[in-house]
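In what follows, chain A forms one complex with chain B and a second complex with chain C.
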Partner chain A sequence: MTSKTFLRNLLRVTILCVIASFVIAPLLATALGGFKTNAEIRTSAFGLPESWNFEFYNAIASDPAFWRYLGNSLLISVLAVILTLLVGAAAAYVFAQIRFFGSRMLFSYLLLGLMFPFATAILPLFIQVRDIGLLDSYWSVILPQTAFGLSLAILLFRTFFEQLPRELFEAAYVDGCGYIRFFWRFTLPLSTPILATVGVFVFVQSWNNFLLPLVMLNSREAFTWPLGMMQFRGEFVTEWNRTLAFVTLTIMPAIVFFLAAQKYIVAGLTGGAVKG
Partner chain B sequence: MPTIPHAPPHLSLVQRTKNVLTNGKFAALVLLLPPALILFSLFVILPLLQSGYFAFFNWNGYGEPTDYVGLKNFEQMIGHSVFHSAIWNTIKIVLVSLLVQMPLALFLALLIYKKTPTNALFRLIFFVPYILAEVAAGLIWSFVFDGHYGVTASVGETFGLEPFFILADRDWAFVAVMTVIVWKYFGFHMMIYIAALQGVPRDLIEAARIEGAKPFDIVRYVQIPLIKPAIIVSAFFAIIGALQVFDVIIPLTNGGPSNTSHTIVTYLYTFGLTRLRIGFGSAIGVVLFITAVAVAIFYQRAAMSPGKKP
Partner chain C sequence: MADVHLRHINKCFGPIEVIPDIELEIPHGSFTVLVGPSGCGKSTLLRMIAGLEKPTSGAIEIGGTDVTGFEPSARGISMVFQSYALYPHMTVAQNIDFGLRLMKMPTSEREERVKDAAKRLHLEPLLDRKPSELSGGQRQRVAIGRSIVRNPKVFLFDEPLSNLDAALRTQMRVELAELHQSIGATMVYVTHDQVEAMTLADQIVVMNAGRIEQVGPPMELYDNPQTEFVAAFIGSPKMNLLPGQAIGRDDIKSVGIRPEHLETHMENGKWAARAGVIENLGSDTVVYMETDDFGSVTVRLPGHHPLRTGDRVFLTPDEKHLHLFGKDGRKIHAKDALSAPAT
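Now for the complex of A and B:
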């Protein structure tokens, strides 16, 4: 390696490290803050705590409400994922496999959701959900979330299904396999990569969603974790260490999940979005 | 033997109808498509149409909307100074995204697009803010900006200043918000560029190098022109994203101080939903919808401009 490329590389890594520290510092301060006394947070927001105080982390981890929030979020996200995959894949399968009158028009109709932000119709949606009597239930979040996620899901699924070899369907058809059975037995199992990508995308969106639960859920029993977190922050305004411990514990699952399913998450959040 | 899915043309209509029913095509159509159509119509399209209707009424959401007020909701909104600042703030977010966030993301992508273990580590680090929930990011940064506790407090103390509350300052609160937005989303744009840069053929870069092009020239004349579609996509996401900013604002400033840091969606939430002014909120929704559709059409034009097929 010549000295010039070495210097260039050194400069490059230095720049990267500076920016990386800008990214990590707030997260680190948050995680460490949960161990500190409030006085210590004031004097050194970024330093290591003088003594590792587990009091706040323990208090939150043993609070049933905390687990309730996480459980609610998990339930809502998982149901939204299952529903989006099933309903979206079924519709996309029809568009990919069956030619029928009006198919292009219906397809374009279902893609309208890609055009505008979710918040646009949040008020009539609120009225609608209230009038159906779903307010404050898990379904008030799951159904609109699924409906809004369908556009992207159907678009990505149809593209993928169309690339599956047609000979497979013809062979199965000759052997007496109908359209619905083929969907269930062949199309879905052969499409795991795209199912995983879309599933991860829907899951992350649902897990992090704030506006929809904020509008739809009133009782603390139904709160998802972002609502619970804001509630907690409101209760302990002056005690940053408690809030920081709470934030750390709630974002931990997301970071672990990210490290474990990196490949799908990056594909789902960028690649998936780009193809849309 | 002909392929089966299409019924042979010489059959009678009755036979063909029977065929369609029994080979499962019809069953598939009526079983697999309606769930998506119903869900989508009920929770996306219907509320959207209702927005367009409610926007002309003064209505608190109870009973039927009867108090038709014409364009009054729109007039009121256009005359409202908070709405002006919400629009202006949204434009500021777009500008910061285009002028700070995207160049930063592109710069970093160029530094780490090659597949090496170190680069993979940095990519991972830069992407972490994006996977965090916006509310959590907002809360974390509201701690950082807290005049008594956070970084600003430490910096202030070093210089012997009084505690300074950025988030409560009319001039600086939105700068803080934009900092958080850049922090949160640059990794997303960077990943789009990295994916595109990895798709640039190596031969082209090699050829340019042999011709004597300097590293900067290669970036300027080979790599950036070739990833232009990715740049357009990321600009589109930056603009659509700016129209939707909500979660980050609530924990940071909640629209304050004195309603100076609203975006379109927080404005809609604060002045429409929390006060149950359904008509007024719907009118804001209509404006948001028109803006989003205009952006989408503009994007389609840009994406289909010469040199790239849709």
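Now for the complex of A and C:
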């Protein structure tokens, strides 16, 4: 009996370890690779470095261009997240609270966005953005990313908002609270789990997006880190250790953001924990 | 003055008519209880008074003003919900304060009122807690506190005690009655529990399928039910309703007799019966009997009683307390009853 549960647990832990190693090993190899010489990377990609060379990390961290890229990425991602959350939550709130003519059709239309592959849209998107005159600005990346994040955001938000008890709104309404105030004072504060979940999702997508900035941004001042990395790799083609150090440093913000929001995400995925 | 008038209220949800036509007067300062079985439209009626639901036609007046088109916050009402509907992310103090804040009341007065309400409801030590850290009874008090700080003309309650356990319910019932006595405001209270209605109300409105069956003080409804429905609904244990033949009348639908108005005899009487389950409550004894000819009958006997399950007995109703109901379910008045052929 106990040996059976032990075996089952052992199996479970083993499987989890294998899966985790698939995720962690490349990350670790990348981080460690930044300390190695090029020769060492080729001979032992996963081992610990023979000597810890901080020079590559230092070189990148002291390069103002790197911080520029990182800053651009951060600005774009944060704005995309804020916009997606605000617009998505506001739209979902209307869908959840108010029944109006054509609401179901409009909702289905918004959900169509879920099935629309990003790459297909890139050419019309480019033309549209060029015509509006936003090319080579941050908005040329932020706005499309927001638009593409909205489908999922609205879908998840609406489901979550609908689970807020109806009497909560009615009690606030009797107290003199209207729809808009209720949105700010109740819906948003009570929805942190789902806001965090969608926020992380949008952030990571935006942070790692390569295609859109590549098409929209031309000047180096506006480059995000994936573009910067390409630039960088062009300069140091054979120096893998520099590239790995670069990547390691740029992944950091995404990881930090994820860890900060993690606590809420778990709650968001298990859902519906707001019984008064 | 804060009397409430409902004038020819009609309410439909889409094609379904929930309330056909209701006319009701709730006097100033009264504790009026709307009582009726689940789904008969009590909540809907209350929500129309609150302004959460618009009547399909008809008008609602509070204190002489037609408030039919008013927002809930402009009606001078407050409402306590069945689920309490406390604001989960706010402390008790903030919950109570929220409505006052929206009224743009000066801070000093707000604090004064919150303190007052907290004191009245024994919430002072709990003011900094979140609703999730409170027990059911405490949450109920916060919900009540939230409604009394607004100093409403009319309090509305929708089954506020139904989520509490029996002991707490009795205690809160007493507290509500005290609250009404000390505030003296008009209160409208919805429940499906006739015991709550009997103990709290000075005016009971019995509803059935969207219609008002009878309006009156508890004892009048108890002593003098105007319809068969009210007779069966008010009182515990329920009034016995027997077919007309039981008193030799084929022209009526049923005859009602309360359990305490039946006498038992061992040798002779009107209806032969056999004792079933016997409940000894100490102060009195409730016996569920099976009559030979007219179905089951409940009898309430004073004090302890030597009767045993299976005993043969005879029951005799107290003629003065017979309630006769015609084919339409309405009461046949005494003088009509007298002119009927004797048994």
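Miscellaneous remarks
The rule is short, and it goes like this: the second predicted complex is superposed on the first by the 208 of 276 C-alpha atoms of A that agree within 3 Å, B and C clash if a C-alpha of one lies under 4 Å from a C-alpha of the other, contacts with A are read in each partner's own complex, and residues count from 1 in each chain.
One rule holds for everything that comes next: a contact is a pair of C-beta atoms (placed from the backbone, for glycine too) under 8 Å apart; a residue touches a chain by one contact, two chains touch by 3 or more.
Given the structure is predicted, the values throughout are model-derived calculations rather than measurements.
Of the two partner chains, neither chain B nor chain C is touched by A:S140.
When the two structures are aligned on the shared chain, A:Y173 is found in touch with chain B and with chain C.
Set against each other, chain B and chain C differ in how many residues of chain A they touch, and the higher count belongs to B.
Using the contact criterion defined above for the overlaid structures, shared-chain residue A:P165 touches chain C, although it does not reach chain B. By the touch criterion stated above, A:F118 is placed in contact with chain B alone, chain C being left untouched.
Once the two complexes are laid over each other on the shared chain, residue contacts for A:P189 go to chain C alone; chain B is not touched. Contacts of chain A with chain B, set against its contacts with chain C after fitting on chain A, overlap at residues 170, 173-174, 181, 274. Residue ranges of chain A in contact with chain C, taken from their complex: 165, 167-168, 170-177, 181, 186, 189-190, 274-276. If you check the complex, the residues on chain C that touch chain A are 50-52, 71-73, 77-79, 81-89, 98-99, 102-103, 131, 139, 146, 150. By the touch criterion stated above, chain B contacts chain A in their complex at residues 3-5, 23-25, 27-29, 31-33, 35-37, 39-40, 42-48, 50-51, 54, 61, 108, 111-112, 118, 122, 124-136, 139-141, 143-144, 146, 148-151, 153-154, 183, 187-188, 191-192, 195, 230, 233, 237, 240, 243-244, 246-247, 250-251, 265, 268-269, 272-273, 278, 281-282, 285-286, 288-289, 292-293, 296.
Those residues of chain A lying in contact with chain B across their complex are 12-13, 15-16, 19-20, 22-27, 29-30, 33, 38, 41-42, 44-46, 86-88, 90-91, 93-94, 97-98, 100, 106, 109-110, 112-128, 130, 143-144, 146-148, 150-151, 154, 169-170, 173-174, 178-181, 183, 204, 207-208, 210-211, 215, 226, 229-230, 233, 240, 243-244, 247, 250-251, 254-255, 258-259, 262, 265-266, 269-271, 273-274.
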